[in-house]
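Okay, got some structures for you below.
The two complexes that follow have subunit A in common; it is paired with subunit B in the first and with subunit C in the second.
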Partner chain A sequence: MSSTQEIQTGVAEILEEVAGVAPADVSPEKSFTDDLDVDSLSMVEIATAVEDKFGVAIPDDELGNIKTVGDAISYIEKNQ
Partner chain B sequence: MSTSTADVVVTGMGATTPLGGDVASTWEALLAGRSGVSRLTDDWAQEFPAQLVARLAVDPAEQIDRVRARRLDRSQQVAVIAAEEAWRDAGGADAGVDPERVAVVVGTGIGGALTLLDQDDILEAKGPRRVSPHTIPMLMPNGPAAAVGLAVGARAGVHAPVSACASGAEAIRWGLDLLRLDRADMVLVGGTEACVHPLPMAGFAAMRAMSTRNDEPQRASRPFDKGRDGFVLAEGAACLVLERADSARARGAKVHARLAGAGATADGYDLVAPHPEGAGGARAMVAAIRDAGLTPADIGHVNAHATSTPIGDTAEAMAIHGTIGEHTLVTATKGSTGHLLGAAGALESVFTILALRDQLVPATANLDDPDDHAAVQALDIVRREPRKASFSAALNDSFGFGGHNMALVFTTA
Partner chain C sequence: MTSLRIQQGAAGARVLGLGAYRPRRRVTNDELAQTMDTNDEWIQSRVGIAERRWAEPDETLVEMAVAAGGKALAASGLAPDAVDLVIVASASLRKPIPGMGPLVAHRLGVNRPGAFDLNAGCAGFCYALGVAVDAIRAGSAVNALIIGVERLTDVTDLTDRGTAVIFADGAGAMVIGASDEPGIGPVVWGSDGDQHTAISIPEGLPHMTMAGQAVYRWATTKLTETLFAAMERAGVGPQDIDVFAPHQANLRIIESMAKKLGLPESTVIARDIVQSGNTSAASVPLALTALIESGEAKSGDTALVLGYGAGLTFAGQVLQLP
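And now, the complex of A and B:
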C-alpha cells in the first residue's frame, strides 16, 4: 500500500515521463487537460503507467471521470 | 492572380543526413569525400547477408525535445528537424504569410515502419492493451507531413506523396504545382526516411538489391562503378521552402535557386525492375527540361539517382546520355550518403542547389573503375574530387519501385 504522498509522487513521475510535466507543477487540484496540457492519447498512456506502477487498472469508463491529479490519486488509493 | 508560368524559387533548405545534422555540415562532408556508411554491430545483423547502413550523423535525440520525440516515429522526428531548419533558413516565422496560405508536402517511401514493428513486438509480448495510443499517428505514411504541418503552422493543406524512392522529388514537384496554381504562397516540401530495422533490411536483401560488401563499408556504395553490387540503406530527411519569385522578392527573402521545372512519368513496365534503357526516366528528364523552358544543352549538371545497383545505374546512364548528352557533369552522391529512399530526391535536390550556388559538382565516391557500358563510358561522371564548373541549370533524377520517375530542374537564382 502506498501513502497518499507516495501516490502523488508516483503520478508526478509518470506525468514527467509521458508528458514532460515538471514535478513541481503537479498538485491535487490541477486538471490534466486544462492545467497540465495532457491530451487524450497521453491520458491512455498515463493509465497504463499507473497500472504498471501501482497495480491498479483504470477501465476506460473510469478514465473519463478522472479530471484532476487528485481524482487519480483517490482512484488509486481506493483500488490498490 | 498567378498563372501556370509563375516563377518558383527556393528560399529555405534543411537536412539531417548520414553526413551531418544540417545542410552546411552535410555539404562540407560530401565535398570532403567523407562516407556515412558503417557496418551494423547489432546482434541481429550478424547473420544478414547485407550488414551495411548509413545512420544519421547526429542522433535526433540531440535535436528534438524528449517528450515531443516520444510521440513521433523516427521518420517524423527527422522530417521535423529538417523542416525546422528549412523554415528558419527561409525566415518563415517572420515572413508574414497567412498560415492559410502555407502548405506542406512531405513524402516518405516506407513511413513509420519502426513504430509498426516495435508495437507489433509489444502486441506479441504483452497483448493489445499495451500497444501505444500513439501507434497510428506514428506509423501512418502522412505522419511526417502532418508533424511538419504542425511545426510550421501550415493550414493551406498538408500532403504526403508516396512513390517509394521518388517520394521526396515528387513532393517538390507537388509544391511547384501548388504555387503555380496559386493554392498557397509558401510550401514546405521534402522527404524523410528512417527504417533501419531487421525487416526492411531482410526484405531489400531478399530482393538482392543491397550491397554485401560488408568488409568495406565505406566503399560499398559505388554508383556507376564496375564493382557495384547494390545500394546501402540510409536514413535522414531533407526539406526545401518554395515560394513564388515575386512574393519572395517582395519580402526580401534570400533566394537559393529557382525551381524551373519538373517532369513525372511512370515506366508502365514492371513493378520493381527499371526499364532496361531507362525509357521512363528519359521521358521525365525531357518533360522537366521542357517545363523549365530549356534545352538539353542548357543542363550543365545532373545529380543522378544512381543507387549503385547493377541494372539501375546503367539504365539511368543510357537515359541521361540519350536525353541530355555528354557535355553535362554527372554525379551520384549516394556513393557518400547511401540511399535515403523517400528522402533521396529531396536531399539530392539540396545538393543540386548547392552545386549551382557554389559552381562546384561533388565527386561520385568509389567510382574507381567506371562500368564498361557505352553510356557510362561516354558520360562525364565527376569522380575523385569535386569539379569547378560554370553552369546555370542542373537536373536531379529520382526513380522509385513501382516505376515512378521524377526529374527536377533548378537554375541559378
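And now, the complex of A and C:
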C-alpha cells in the first residue's frame, strides 16, 4: 500500500516519462487533458504504466472517468 | 475403409516480387482542416499522418488490385500462368457476391487458379500470406499471388475527424513461390473476438467506428508477444531483423512496438503511414514496396511483418525480401 503522497509522486514520474510533464506541474486538481496537455492515447499509456507500477487494473470504461490527477490518485487508493 | 492419399508440397516458400498501387488523389492534412475541426499539428501528433491517398470512382477495388498484382507479377518474373492461387484480402468490399479473387485473377491472365477473398480486417494480408505459404507447403499450390486492397473511404464518415483523418485507400501485392530454402517463416496468428465491436460498422450505420483507446491499448500491450513468437518460430531474434514493417495504423503504435522489441539501431522501420495513412489490409505490402523503391530495404533483407485490426485479429511472420 502506498500513501497518497507516494501515489502522487509515482503518477508524476509516469507523467514525466510518458508525456514529458514537469513533476512540479502535477497536483491533484490538474486536468490531464486541459491543464497537462495529455492526449487520449497518452492517457492509455499512463493507464498501463499505472497498472504496472501500482498493481491495479484500469479497464477502458473506467479510464474515461479519470479526468484529473486527483481522480487517478483516488482510483489507485481504492483499488490497490 | 479406403485409405486416402495425401500429398506433400515444397519444403518452403519465398517472396518473388512485390507491387503497389497508390490512388492518384493526395489529400493533405491542410485540405482536411478546411472541412472539419482539425489541423496538421493535431493529426501528426495523434497518428503521425501527413497525407493520404483517396481513391476516385474509377479506382475501384478490382482496378487497384489488378494494378498492384500486375506489378508484383512483373517483379517476380513469373508468367501469369505459373500462378495457381490468388487471394485478395480486403475488408471494404460493399457487395460481397461475387468475391474479387476470380475476376482479379482473370484480369491478370492467371488461368483458373484457386481464387478467393479473405477478410481478416487490417490483418488480412498477413493472414493471406500465412494461408498461401501453408498451401504451397501442402502441395495445393506452387506459386501464389496475395493482394491487400482497400477503399476505406467507402466505409468511413469523411466528416468525422476521429476516423476521416486516419483511413485511406490503396493496394499492395506479393507473389510467392515454392522454394527448397524457406524464405518465409511460420505465421503466428490469432484473434480476440471478445473485442469484436472495437472496430466495426455498427448495425444501421454506413460507416466504421473505432474505440481508439481500446485498440491502442490492445495493439501496444498484447501484440508484442506475437512479434516475439513470429521471430522465435522462424529461428531469428531482434538483432536479425533488417526491416520492421507492421500494419500502418498509427505512428505511435509503430514506435511503441519497435521500442518494446529492442531492435538494433540499424533496423529500418516502415513509416509509410506518414504518406499513406491507414490502408488496412493493403498497408504491409504498400510499406514494404515503398522501402524497396526508396532503396532503404535491400534484396535479401530479413523483414518482420505484422497485421492487426478489426475482429480483433492479428498475424505476423518473418520473411526475406526478394
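The working rule: the second predicted complex is superposed on the first by the 80 of 80 C-alpha atoms of A that agree within 3 Å, B and C clash if a C-alpha of one lies under 4 Å from a C-alpha of the other, contacts with A are read in each partner's own complex, and residues count from 1 in each chain.
One rule holds in what follows: contacts are C-beta pairs under 8 Å (C-beta built on N, C-alpha and C of every residue); 3 or more make two chains touch, one makes a residue touch a chain.
Fair warning: this is a prediction, and the values are worked out from it, not measured in the lab.
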Partner chain(s) touched by A:Leu63 [first = subunit B, second = subunit C, both, neither]: second
Which of subunit B and subunit C A:Val11 touches, first, second, both or neither: neither
Touching partner for A:Leu36 - first (subunit B), second (subunit C), both, neither: neither
Partner chain(s) touched by A:Ala72 [first = subunit B, second = subunit C, both, neither]: neither
Touched partner set for A:Val44, first subunit B, second subunit C, both or neither: both
Touched partner set for A:Ala19, first subunit B, second subunit C, both or neither: first
Residues on subunit A lying within both footprints (that of subunit B and that of subunit C): 41, 44-45, 48
Of subunit C, residues touching subunit A in the complex: 45-46, 211-214, 216-217, 220-221, 250, 252, 256
List of subunit A residues in touch with subunit B within their complex: 18-20, 41-42, 44-45, 48
List of subunit A residues in touch with subunit C within their complex: 39-41, 43-45, 47-48, 60, 63
Footprint of subunit A on subunit B - complex, ascending: 65-67, 70-71, 129-130, 132-134, 137
